[in-house]
C-alpha cells in the first residue's frame, strides 16, 4: 500500500460527497454530503501522517481529532438549523427556500 | 365513553409552533398482555403521554342478565360464578341475598358463619392476586404474582374441598349453602389463615418499601374524592380516594355486626395507585381478623334453611348488595310470580369503577395507563357480563 | 507495530475459540437464568430436556439446545408493511458489535500465547474507548428493528431504546474515566495489571461508586430489568422485537446475552481486577499475560467474575419492577450524571493525595471521599425523590 | 435517614430467601413436579392420550370429597340398563342452566332394581363441551339418579362426537360412586335408606291408620253423629 | 498482503456507502448507508494505525451523528421517499460536471507532482502520546474546542427549540 492509494480513494470519496451536495435538493442529504467530504479530508490527514517523515509528531491524528470534533458540532448546529428551517418553510427542500431570489 | 363528571384538565397538545407533531394512535388490546382480558384502550399518544383514551369493552358479553330472566332463579346461580371469576363466592352471596329478600328465608347460624368465612377467603384471594397482577403490570417478572398464586392455591384448595370446584364454586343456595364443609375443613382453614400473615409480612417487605414501586405508583392516576363519589366508585378504590365507606359496616348484611374489624382508608385527597395498592394490602389483614373470629365462633347445626321446594316468589322487587372485593356488588330482582325473574340486573363494581379510567389516565404516561388499569382491578367477565 | 506478522491462523486461533466459548456460555446462561428465575419464583424451571430419547433430565441442561432447534424451525414472519432489508439486517447488526467487543476483554486463554505476532486482540492501546464506541452500535440495531417493523409498539420500543442507551452511555463512560485516570491508560491489559499490583478499584470509595454507576448504566445499556423499557412486556408487548420470530428473534436474544457478557466483562476488567485472583500473577513486562498455577486459571477467574455479575443481573430481574420512561431519564441525568462527575473530582483529588505516599493522608482521603460520595448520593436521592415515600393509613372502626 | 436503596435491598433479601427456600421447603413450590414420581404413580403421561376414536383413558379422578367435573348416571346392579335409577322425568333437562342434557323417554315401562315398573331414558346425552359442571341437575333430581363424576381427563381426538357423552358412557355403578366420593355417597345412601324406611314406616303407619280407621269406622259407625258434631266444633 | 486485501475491501465499502448515501431516495436507508461509509473509513484509519482516531470515528460519527441524523429525519421529512417527487436539484447536470472537474484536478497532483511513493515507516503509536500532545502544545486548541462544542450545544438547542409562544400556565408536564 502506498500513499497514492489513499489519496486517490480520498479524492474519490470527496467527489462523491461533492456530487451529493450539488445534485440533491434535500438539505439533510446535503448535510450527509458535507460530512462525506470532511471525512475524505480526514482520511488524507491520516494517510499523510502515516507516510510522513516524522510520524511521532502526531500532527495528522491531532488535526483529525479536532476536525472530527468540529464536524460533530457542525452536524449538531446544522440539524438544529434544519429543524428551524423546517418549522418556517414546512420543508427541507433547498429549492423551495427561495425568499431571497428576486421575482 | 366518557365519565359522568370529567374534571381532569382538558389536555391540549403542545403544538410547537410550526413543528408538526402528530398524535400516535395505539389500539391497546384486545389481545394485549396487560389489559386483563379482552379489553381495548384506544390511546392517543403525544410521545409517551396519553392525550386521549377510549375504553372499548364488550368483547366478553355473554348476555348474562337476559339469560337469567329466562331461567329459574336457582339456575342463574352458577352463572353468577362467571361474572367475576375470581370471586365466585361473593357473587353467589349477593345473588342469594337478593333472592332471600324476595321470599324472606331465614339463614341458619352455621351457614351465616360459613358465608362470612367464604367471603373473606375470597377477598384474600382477590386482593392477593390483584396485587400480584398489579406489580406485574409495573413490570416485575412475575415474581410477586407467583408468590401470590402460591398462597391463592392454598385457598383454592379449601374451596375445592368445600364446594368441589376451585373457581366456579356455585356453593351458596337460597337460605344457606349447598352442603356442609367436610370434616377437618375448619382446621385446615385455621391453619391457612394463621399462616397467611407470615406471607403478608414477606410480601410487604418485598413490595411496600421498594423505591421503584413507590415512585411508579405515587402521584399516578389520582382520583379525587369528589370525582370518586360522583362517578359511583365503590370498594377499595373509593376508600383509597379518601371516603370511609364499606358496605360491611354500612349495611351489616349477614352477621358482620358480630365481628370486630377495622376499615382502612386514607385521609388525604390523593387517591393514587399507591393508595389503592396499599388499601388492599391492609384490607387483607383485616380479613384475617374476621376469619379468625369467625373460625373461633362458628357453631354447629344446619346449613340450609327452610327454602320452598319450588322457588316461586310473589310479585316483589329486591335489591341486595355486598361489599365484594372489588366494590359494591348488587343484584336487583323483580319477581312477577313465575319461577323466572321478570327483571334481573347486576350492579357490577368493575364496570362502574372502570368509568373513571379516562380521567385518571389523561396526561399520564402510556406505561401509567397500564398501571392505572391494573389498580382499578377489573375482571372482564364482570365488566361485559 | 504492524499488521503484517499476523497470519490467518493467528486470527482464527484468537477469534474462533472466543466465539465458541461465548456461544456455549450464552446457552448455559439462558438455562441458568430460567432456572434461577424459576427458583426465585418458587418454581422448578426447565428440568425435562436432557439427553434425547431417554428420560435422563440432566436438570434440563438440554433446554437451550431444544429452544435453539425450535427457533430455527419456526416460521419467519415479516409484516407486510415492513422494510424487508432492514428487518433482516437489524438482528445481525445487533449481534455483530456484541461479538466484536468480546475481543477487547483481557482474557488470558492459554492458546493466546501461541499466536505468532506481537499484536494480541486485547492489546489494542485504546481498547476501552473502542469498547464504548462499538457497544454504541447496538443502539442503531435496536432503532433499525423498531423502525423496520412498521409497528407502533416496535417504534415506541425503538425510540425508547435509543433515548435510554444514549443517556446511559454518559454515566457509563464517565465512571470508566475514573479507572482510566487512575491507571493512566486505555489499555485493558494495563488496567488489569495495575489492579493486580495495587488494589481492585471496587475496593476504594470512588471506585465503588463508579462501579455501582457503571453496573446500573450497564443494566440500562443491555436493556435488563429494571431498565427493560424498550421491551416492556406489560406496556408495549415486546418493544422493538415485537414483529420478530424464529431465527431472527434468536439472533436478538443471542446479541442481548453476548452484550451482557461483554459489558460484565468490561466491568470485571475495570473494577474487579480482570483475571486477577489467587494463583495468578500478572507479568509486568509481558503485556497482561499472566503466570498461572495452571493454564487458563486467569480466564477461569475472569469468567467466574462475569458470572457473578450476571447472577446479580438475574437476581435483580427476578425482584424489581421497571421504571417509567421519564423516571428513567431523570435517573440518568439528575442522579447518575452529577454523581459520576463529582466522582471524577473526588477521584482526582484522591489520586493526588495518594501520590504523597503517606498512609495517614491516604486513610483520611478515603474516609472523606466516602463521606462526600455517600452524602452526595443521598442528597441527590432526596432531591429527586420529592414527596415519594411510604404513607400512613387510617382505620375506621 | 434510611440507607440508600434500602427498599430494593429488602426486596432482594426476600427473593434470595425464596430462592434458597425453594430447594429446602417443598411447600414453597406451588407446582407439582410429576417427574419426581415413579412411572406407575403418574396420573397421566403424554403417551397415554387416546389415539383412536372412542378410546378411553385410564381412570383419572381427584381425591377431594366434593370434586366434580361432569355428571354421570348411577345404576345399582351389574347390568347397567336394568338397574338404572333414572326414570326419565326430565327435571334435570329442564333445569340445566346451559341446557346440555337431552333425554328421550322410553315408550314402555321396565322393572327397575327394586322391581317396580318405571319408565327409563331411551336416550340420555350430555354434551360436555357445553356442560359447566354446576351440579344443578344433581340437586334437582328426585331419584338420586344423576351425580357428579370427578374424572377430569376427557380429551378425545374427535371434538364433535367425542364430547357428546351417551348413556353408555354416562352410566356408572354405585360402587364406583362410593369409590370416588365415599363420604358423599355414604351420606346419600343413608338418606335414601332413611327415606325408604321413613316411607315404609309412613306407609305402614298409613296402612295401620287406615286399618285402624276402618276398624274404628266399622266399630263406631253408631257414634257417627257425635263425631260429626265434634268435627264441626 | 493482509493490508492490501483489507484496504480494497474497506475502500469498496466506503465508496459504496457514500454513493448509496447520496443517491438513495429513502432517507433512513441513506443514513444507514452513510453509517456504513463511516464504518469503512474507521477501518481504513485502523489500517493506517491511527486506532484512537478510528475509535473516535466510530464513537462520534456512528454513535452520535448517526442517531442525531435519524432523529432529525424523523422530525422533518417523509422518510421513505416513495412519492414521485424529484430528488435531484435543478442544476444537477452542472453539478456533475463540476464534480468531475474537481475529481480530475484532485487526481492530477496526486499522480504527477508528488515524489514517488515510499513505504511507510514502522511506527508504534500510543494513545498516551496523543494525550500528552493534547495537553502540552495543543492545550489551547483543546480548550477552544471545548468552548466551541459548548457553544454549538447551546446554539443547537436554541435554534431547534424555536421561539416558544407564551403558553397558558396549565400546560401539563
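Note that the chains are named A, B, C, D and E in the order they appear, and that numbering of residues resets to 1 at the start of each chain.
By definition in this document, a contact is a pair of C-beta atoms (placed from the backbone, for glycine too) under 8 Å apart; a residue touches a chain by one contact, two chains touch by 3 or more.
Everything numeric in this text was worked out from a predicted model, so none of it was measured.
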item: Shortest contact path, subunit C to subunit E, counted in steps; value: 1
item: Label of the chain whose CA centroid is most distant from the centroid of subunit A; value: D
item: Maximum inter-chain contact count - chain pair; value: A-E
item: Distance-to-centre winner among chains (Cα means, whole assembly as reference); value: C
item: Most distant chain from subunit C, judged by the mean position of its C-alpha atoms; value: D
item: Subunit B and subunit D: spacing of chain centres that average the CA atoms, whole Å; value: 31
item: For subunit B paired with subunit E, centre-to-centre distance based on mean C-alpha positions, whole Å; value: 60
item: Separation of subunit D from subunit E, taking each centre as the mean of its C-alpha atoms, in whole Å; value: 80
item: Where subunit B touches two or more other chains at once, by residue number; value: 16-19, 143, 146-147, 150, 206, 209-214
item: Subunit C, residues touching no fewer than two other chains; value: 40-43, 318-320
item: Per-residue overlap in subunit A, given as positions that touch at least 2 other chains; value: 83, 86-87
item: List of subunit C residues in touch with subunit E within their complex; value: 1-4, 6, 83, 85-86, 124-126, 129-130, 132-134, 136-137, 139-140, 143-144, 147, 162, 166, 169, 184-187
item: Residue ranges of subunit B touching subunit D (in the complex, touch as defined); value: 71-72, 74-79, 81-82, 143, 146-147, 149-150, 153, 160-165, 168, 170, 178-179, 182-183, 202, 205-207, 209-214
item: Residue ranges of subunit A in contact with subunit E within the complex; value: 1-9, 11-26, 28-29, 31-33, 35-36, 39, 42-43, 46-47, 49-51, 55-56, 58, 60-62, 64-66, 68-77, 79-84, 86-87, 92, 94-95
item: Of subunit E, residues touching subunit C in the complex; value: 1-3, 6, 28-29, 32, 35, 47, 49, 51-52, 54-56, 58-59, 62-63, 66-67, 70-71, 122-128
item: Contact set on subunit C toward subunit B in their complex; value: 37, 40-43, 152-153, 156, 160, 225-226, 228-229, 232-237, 317-327, 385, 387-391, 393-397
